[in-house]
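Each of the next two complexes has subunit A plus one other chain: subunit B in the first, subunit C in the second.
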Partner chain A sequence: MATSSITPPSVSRRQLLKGGMALGTAAALAPAWATAWGQSSGPGGEHGNIYANGIEEGPEVSLAIRRESIPIDGQPARPISINGSSPGPLVRLREGQDAVLRVTNLLDEPTSIHWHGLILPAEMDGVPGLSFAGIAPGETFTYRFPVRQNGTYWYHSHSGLQEQLGHAGPLIIDAAEPEPFSYDREHVLLLTDWTFESPMTVFRNLKIAEGYYNHQERTVADFFADVRDKGFAATAEMRSMWARMRMSSRDIADVTGSTYTYLINGHSPGDNWTALFKAGEKVRLRVINGSAMSYFDVRIPGLTMTVVAADGQPVQPVPVDEFRIGVAETYDVLVTPDSDLAYTIFAETMDRSGYALATLAPRQGMRGQIPERRRIADRGMEAMGAHDMDGMDHSGMDGMDHSGMDGMDHSGMDGMDHSGMDGMDHSSMSGMDHGAMGGMAAEREVVNTNGMLAAGQAQPGSRYDQAGIGIDPGERRVLVYRDLMALTPWPDRRAPGRELELHLTGNMERYMWSFDGRKFSEVTGPIHFAKDERLRLILINDTMMEHPIHLHGMWMELENGHGELIPRKHTLNVKPGERVSALITADAEGSWAFHCHLLYHMEAGMFRVVQVA
Partner chain B sequence: MLVSRTILMCRTVLMRKTMLVGIPSLLVAGMALASGEHGSDHTSVGSADIDRTIRVEVGDMWFDPQGLRVAPGETIRFEIVNAGSLEHEFVIGDTHAQAAHREMMQEMGGGHDMHEMSGAGHDDGMGSVTIMPGETAELVWTAPDNADDLQYACHIPGHYEAGMSGSVELQR
Partner chain C sequence: MNNRIPGLTIGAILVMTTFSVAQAEDGYDVPADWPAPMVEHNTGMVLFDRLEYSMPDKGEQAIVWDLQAWYGGDINRVYLKSEGENVQADGEDAEFESLELRYSRLIADFWELQGGVGYQGGVFSDDHEERTYGVMGLQGTMPWLIEVDGALQVSDEGDIALSLEGEYDLRVTQRLYLQPRTEISVAGSEVEEFGVGKGLNSVKVGARLRYEITRRFAPYIGAWWEKQYGDTADFSRATGDATEDTGVVAGVRLMF
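Here is the complex of A and B:
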C-alpha cells in the first residue's frame, strides 16, 4: 500500500488506543501525575518518602519567594525558598490551560522567575530589564500565558546570582494528546549544585583567579608520568602549549566539588533520597539539570535507560547506559527495574570532582552500590577536536581532512590570547584523532544554490557523535547529540534564508566570557531576527570549555544530520572547538535573552538580546 | 465459538479516557470480529490452513490491540498496518527468545531486520515482519501447542522499552 493512501489516525482513534494501553498497566495505580515529585507514593497509597517539596497544580498557582534557614547536607544553610522549600515545588500545568502564576517576592531585593523552555509572550518570560521590570520586594507579579506545549521543563530566577541559592524548581506540562511512549510511574530528578559560600564570593574568587576552585592542576608527578607515556618532547610541547594559552589542561569546570555539594531534589548523596518502584514497572525519570555551573554524567548501573525526550520534546527512543546532561538541559528516560533491588542513580560531574546520588529502590532504607569513580579527565587535544591523546602520530597529518579544518574558524581565536596561538606548534595538531576528524567531514555536504548547507545538515566541525571529554565511548553506550531524532518533522520545513554566525569567546584567566569577543556591557544593540524569518544560527566555540547556549522564546532545531527529523532544543551544548548549528523560526515577537547558561559566564558577559521584529 | 476465539483483549476498563471514547472502542472490537469471519485468499499458506485473520495496528510507540488470545496450534494471518511515522516490526513468539534478539540488536546498533539476522523463523516458532510507515504487511503464524510466555513486540532499538509489546495468551 502506498504511503500516501494511508491517512493518520484521527485524534479520537489515537485517544482510544493510547487510553486503552495506559489502562492496561496503570489501572491499579494512582494516575502518574498524582504522584508527588520526589515523593514516592506506592500503589497502596503509603507515602514512603519524605522529601515532598510539593506540587503546585495549575492553571492557577501562587509562589512565595523567601530567604530562610533550611539545612542542606545536614549543615546550616540559608537558601532561597519557594513556598517553603529549596529547590521549589513542582509546578504542574496541562497543555491547553491558560496559566496564571502569581509570584510574591518576600526577599529584600528584586527577583524574577523565568519559565525555562516555555514558548510564551515576551512580557511573560521573566527576564528583568528585558521582559519586565522584575518583581520588587513585597510585590506580586502575575504571569499569564497560554500553555501550548508539553513535557519536562524547569523554572528559575533570572535575577543576578539567585539561581545559585536554590531559586529553581521543576515545571511539568502534561500532554493533551497521548505521548509516544507509555509508563507506570514517574519521578522527577532535579540536579543542582549548592555552595555554602555566597555566590558573590564565588564570582569574586573566579575573577581573581580562574583556577581558584581547580584543585586538579597537573603536578610534577603527572609530568613524569606523561614523559613515561608520551616521551619527553611531546610532554614538554603540550605543557608549553597550555602555558601559552594561559590555561591548565585540567580546567574542566570553573567551579568544582571543592566548594559544591551536588544535590538531587535538594538532597546530598549522604541523604540517600529514594525513588520507589515495584519490580517490573516501567518508570519514567524526568531528569533536569538545574545547576548553576555543573555538567553531569548520569547512569544507573544495572539498568538500561531509554531516552524518550530531550528538552521536553519527544525523540525517537534511544537505549543508553549513560547520558551527559548540560546545564539547563532536560532528558526523560524510561527504566524497567525488574528485580527487587536497590539501584544507584549516579550523576558524576563532568570534571569528576564530585557526584550527586539518589537510590531507585522497592522500599525505603535501601542502598545500591556506589560505582567506582572515574579518573579526572584531561583536556589534552580534546579541546581542539581530538579524542585520543595516545593516538599521536605525525603521519596522521596527511590523512587529515582539510575541509573539516576549514570548518574550524581560526579567526574566532581572537577571543583568546593571540600570541599563544601563534606560538602553537602545528606538529602538535597531529594529536588529532583520525576518527574524530573523520567524523567532522563524514557528512556528504549538500550545498544549496545560495551556497549554504541544506537544512538539517551537520556543519563541518560539529562533533555530534562524541559525548565529550572524560567519556570513553568504548566503556558503555553513551547518548550523543547524533542520536537525537524527532518522531515527525516540525511544522516549519523552510530552508534557512540566511546564516548568523556567533563565536563563543573568553579570556579564562581574567574570567571574561562573551560572544564575538565583546561582553554584554560592551555591546551596542540587540541581534535582530526579522519576524517569521527562518534562519540558521551557527555557534563556534573558540574557548576550551563547554558552553550550554540557551535561546529564550523560540526553539533551536539542532542540525545533527537527520534532515527533516531534526530534534529541537532550548539549550545547546557546544563542546570546545566545536561548530554547531540550529535552525530557528523567528515567530516570537519581542526581545529575548540569549546566553550561556553557566551562571557565572552569563554574569561575566556571555549574554545577548535577540530582538524579533 | 467464533466470538470467544477472536475477541481481542480490549481493555475497555471503565476509566476516564476510555469512557470518553467508549463508542469507537465498540466499533474497533466489531471490526476485529468481522475480520475474523473471512479467511485469506492471498497468502503463501493455503487459505484453507488459515484459521482466522487478525488486524493489528502499529504506531509510534504502540500496538492495537495490546493483547491477544489464541488457541494452541491455531494458524493466524496477521494484517499489520503501520499508522505511525516510523518503521516498526511485528515479532511474535517466545518472550525470552525475543529478549535475546533485542539485546543482540541493541549491541549491533539496530537497523537490522530481526528476521534477516537471526533466522527467527520456524525453528523457534517465531514470526516477524517489518512494516514501513503507511504500509500494510502480512504475517502467517501458527501458535505453538504449548508455551509459557508468548508476546508480540517491536525490537527496533528503544521501541520495546517505549511501550511496543503485547501479550499473547494461549488458551488451552
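Here is the complex of A and C:
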C-alpha cells in the first residue's frame, strides 16, 4: 500500500484554475519547454533563463491536470493539460534527488501519472489499481521517490484513454556524473498523435469495423501493378495466401493519419515548430515517442544522427540517417548542423499515412525541404516467419486455422520465392511442409549445456538486424536493435535461472489483444517473478502487428547478441512473427504493470500484472 | 400468435451459455476499493447493410432493408437482425421477412454461432401472414474474405427453412467497393401461405457498387437477378407473379 497519502490540494482549486488560465494565455498554446532556443546547457553549461518558465524543476514539482480548450493545428480542441499546456511541461529532475511530485486532479474523473521508465517503489509507479487507487477529482497525490538514474524519459496518464488526450510530457533526469558524451545545446522532441475524435469513439470504431482507419488498403490497381512487377503466378499466390488467412497485408497501423494529426511538442507540421541552433554547435535531441498508437521513422535529411542513448540508458554511439521509434521508446541523438541552413526534422509514421515535422534552424521563420513521402509497404512472409508449425497450433495463431495452413503447400512457397524473400531458399521452404517455418527450427539447436541460450545471445527467430516493415536498408543507414550496445556491462551479470515465454496474441477482426491468447479480463492471477531472481523473458509475436512491450519497475536487458554489453530498455518493440528475449533482474518488489504500449491494444486486453515477491 | 418455440433452439442457447466467460480473479494484493487496472467495456453498433429502393423489371417496386444491430463484449453478443420490404403501391404495410433476436457467441476467430427467435409478418399491421420461429445461425468470414451468414429456421408449425447469404467486398479504390452478393433459400417443407415450396426455393445474385463517403455513410447502386424453383415457382405462377426477375437498386449502407 502506498506510503504516501492523498492530501487535499495545497493550493485552492480556484488558485490553480487562475494559475492555469494565466499560463494558458501567457505561454499561449504550446508547452513552454518547447521554446525555440531549447536548453543551452550540456555538462557544466548554464541553464538558459529564457527557458525557465517552461520547466518544472525538481526536486519539488506541482502539476495540475485539467481539461481545457487549447487549439491544436489551428483548430479548436479540448485536450488534457498539465500546468496549462498539452502535452505537459518538462519535468526536470537530478540524479540523487528525492523527488516530490504533487499531482492535482482538476478533471471530473480519476487520473494518474506514470513515470515511464523510472525505477522506483511500486506504490509510486502511478498505475491505478496496482500502485495506488488513482487520483480522485479534486485530490492531490504526492509521489515521493529517490531518483536513481538519469536520462530521457516521459510521463503519462495510466487511467483509461487519457493519454490520447495529450496527458503526457517529457521527463529528464540530469546525470550526477558527467555523461559519456558532450553537447552544446539540447532540445526535446516529444512525438504525439492527436485526434479530434474522442478516444472512446476511436476505440469503438476499432471494435466495430476492422480497418476502420485504414485508407491505404490494397486495391484492384495494386493487384495489377504486382502482376506487372512479379508475374501473375507469384502475385496470385501471395494474394491468395493473405485472403485465405482473412488478413490484410496493409494492416500496418490500426489508427492512422485519417484521424490523427501528428505533433512534435504539441505542434502540427503546419505550425512548423522550430528548434534553434548556432552553426557548428553539437545539438542533443531527446526524442520521445509519447504517442498513443504511432510508430515513427525519424530523420533529418542532411544530418547524420549519432544515437547515444536508448530508453534513457547510454549506448555506444551509432551514427545513423534514420531511426524507427516505437511507441513509448526514447532515443537521444547528437547532431552537428554546421551550415546556416534550415533542416527538417521529419518523423514519418510507419504506415506512411502521415508525418510529424519540425525544423532545426539557425533562425525563426525558416523551413527546410519536406522529403518525399514513402508509400505504404505490404507485409510479407516475415510477418509469420519466426515460429514453427507447433507454435502456431498451440499458441492459436489467430486467423491461421488448419485450412489456412493446408493452403501453405510447396507450390505456395514457390510463389513466395519469386516475390523476393531473400534468405529463404528452397531447402528451408520445403521444410515448411513438415512444420518448420523458414530456417528457424535448425537455428534453435544453438543452445548451451543446460538447454538455454547463453546470456545475451540473440534468440533464433529474432530480427534485430532489421528495422522493420517499410524500411529499405539499402536507402540509408537505419538504426536496428542489433546496433544497441551498452557502454559497460550492467551490474547483474548472472545467467538467467529460468525462461518465461509469452506469446503476443490477438484477433484483429474483433480487435481483441492479449498475451497467450487471453485478455486481462480472462486471466487469473499475476505473472510471478521471485524476488531477486534473474530470468529470461521470451516474447513471441504471433500477430501481424508490431507491439511495444513495456515492463514497469524493472529494466529489460535486450539480448541482441552483444554478450555482456547488453543494452537495457523499458520498452521493447517486437515485430510480427519475431521472437525477442530480455534478461530481467527481479529486484523490485511489488505489483507491476506489463503491457503493450499501443494504447488501444492495452485497453483491449493486452495487459498483465507482474508480481515480484 | 403461436409462441411454441422449437426445443432445438432453446437447447442450443443453453449449450452455448454454458461456455460463459470465467471472470478474472485478481491474484495480487490490492485494497478492495481500488479500481481494476483495466476495465472492459461492452460495445454495440447498428448496421443497415442494405437500405435500398428496388426497381424490378417485372415485379413491384419496393423499399428493402437488411439490418443488423448488436451489443455486447468480444465473445458474447446480442443481435437484432431484420430483413424486410415495403412493396410500393400494393396498399399494404411493410413486412418483416425476418425480425430476429439472437444470442451470439464467438466460437472461432472468424465465426459466431447464434441462436434465437424470430418473427415474420406485418410491421405495424395485419396485412401479412404471420409466424414465429426459432433460428440457429452461423455468421462469419470464410477464407478468401467472403462474409457468410447462414441460418436454419424452424417455425412454430415445425417447418424448416435454410438460408445462406454470402458477400464479398472487392476494393476498386480506397472508397469504391464492388460487392457481389448471393442469397440461396431452401425449405424442408411446403408452406403455401408464405409461397414456400419444398426444396430449393430461390437463388438471388446481385452486385452493388458502393462509395464510402465515410465508413458510416456509403451510398450505392446495384443490380440483381432472381429465380425461383420448383413448387415455389409454381406458387408464384398461380398468383400471377414472375418466377424470374431482374432489377436495379439504389440505396445506402449506414453504420451507427
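One rule holds for everything that comes next: the second predicted complex is superposed on the first by the 497 of 613 C-alpha atoms of A that agree within 3 Å, B and C clash if a C-alpha of one lies under 4 Å from a C-alpha of the other, contacts with A are read in each partner's own complex, and residues count from 1 in each chain.
We adopt the following convention: contacts are C-beta pairs under 8 Å (C-beta built on N, C-alpha and C of every residue); 3 or more make two chains touch, one makes a residue touch a chain.
Here the structure is a predicted model, which means the values were calculated and not measured.
In the superposition on chain A, contact is made by A:Gln611 with subunit C only, not with subunit B. When the two complexes are overlaid on their common chain A, residue A:Pro180 makes contact with subunit B while staying clear of subunit C. Once the two complexes are laid over each other on the shared chain, residue contacts for A:Leu130 go to subunit C alone; subunit B is not touched. Touched residues of subunit A were counted for both subunit B and subunit C, and C has more of them.
When the two structures are aligned on the shared chain, A:Asp108 is found in touch with neither subunit B nor subunit C. By the touch criterion stated above, A:Gly525 is placed in contact with subunit C alone, subunit B being left untouched.
When both complexes are overlaid on chain A, the residue A:Thr488 reaches subunit B alone and has no touch with subunit C. When the two structures are aligned on the shared chain, A:Glu372 is found in touch with neither subunit B nor subunit C. The residues of subunit A shared by its contacts with subunit B and with subunit C are 1. Put simply, subunit C touches subunit A in their complex at residues 21-31, 33-41, 43, 45, 74, 106, 108-110, 141-145, 170-175, 215, 255. Taken together, the subunit B residues at the contact with subunit A in this complex read 10-13, 15, 17-18, 20-21, 24-25, 28, 57, 59-62, 64-67, 81-83, 85-86, 106, 132-136, 157-159, 161-163. Within the complex formed with subunit C, the residues of subunit A that make contact are 1, 110, 127-130, 132-134, 158, 160, 203-205, 207-209, 212, 215-221, 240, 243-246, 398-399, 401, 403-404, 407, 507, 509-512, 519-526, 591, 593, 602-603, 605, 607, 609, 611. Here subunit A touches subunit B in the complex through residues 1-6, 8-9, 12-24, 27, 180-183, 282, 304, 306-308, 316-319, 334, 336, 477, 487-488, going by the rule given at the top.
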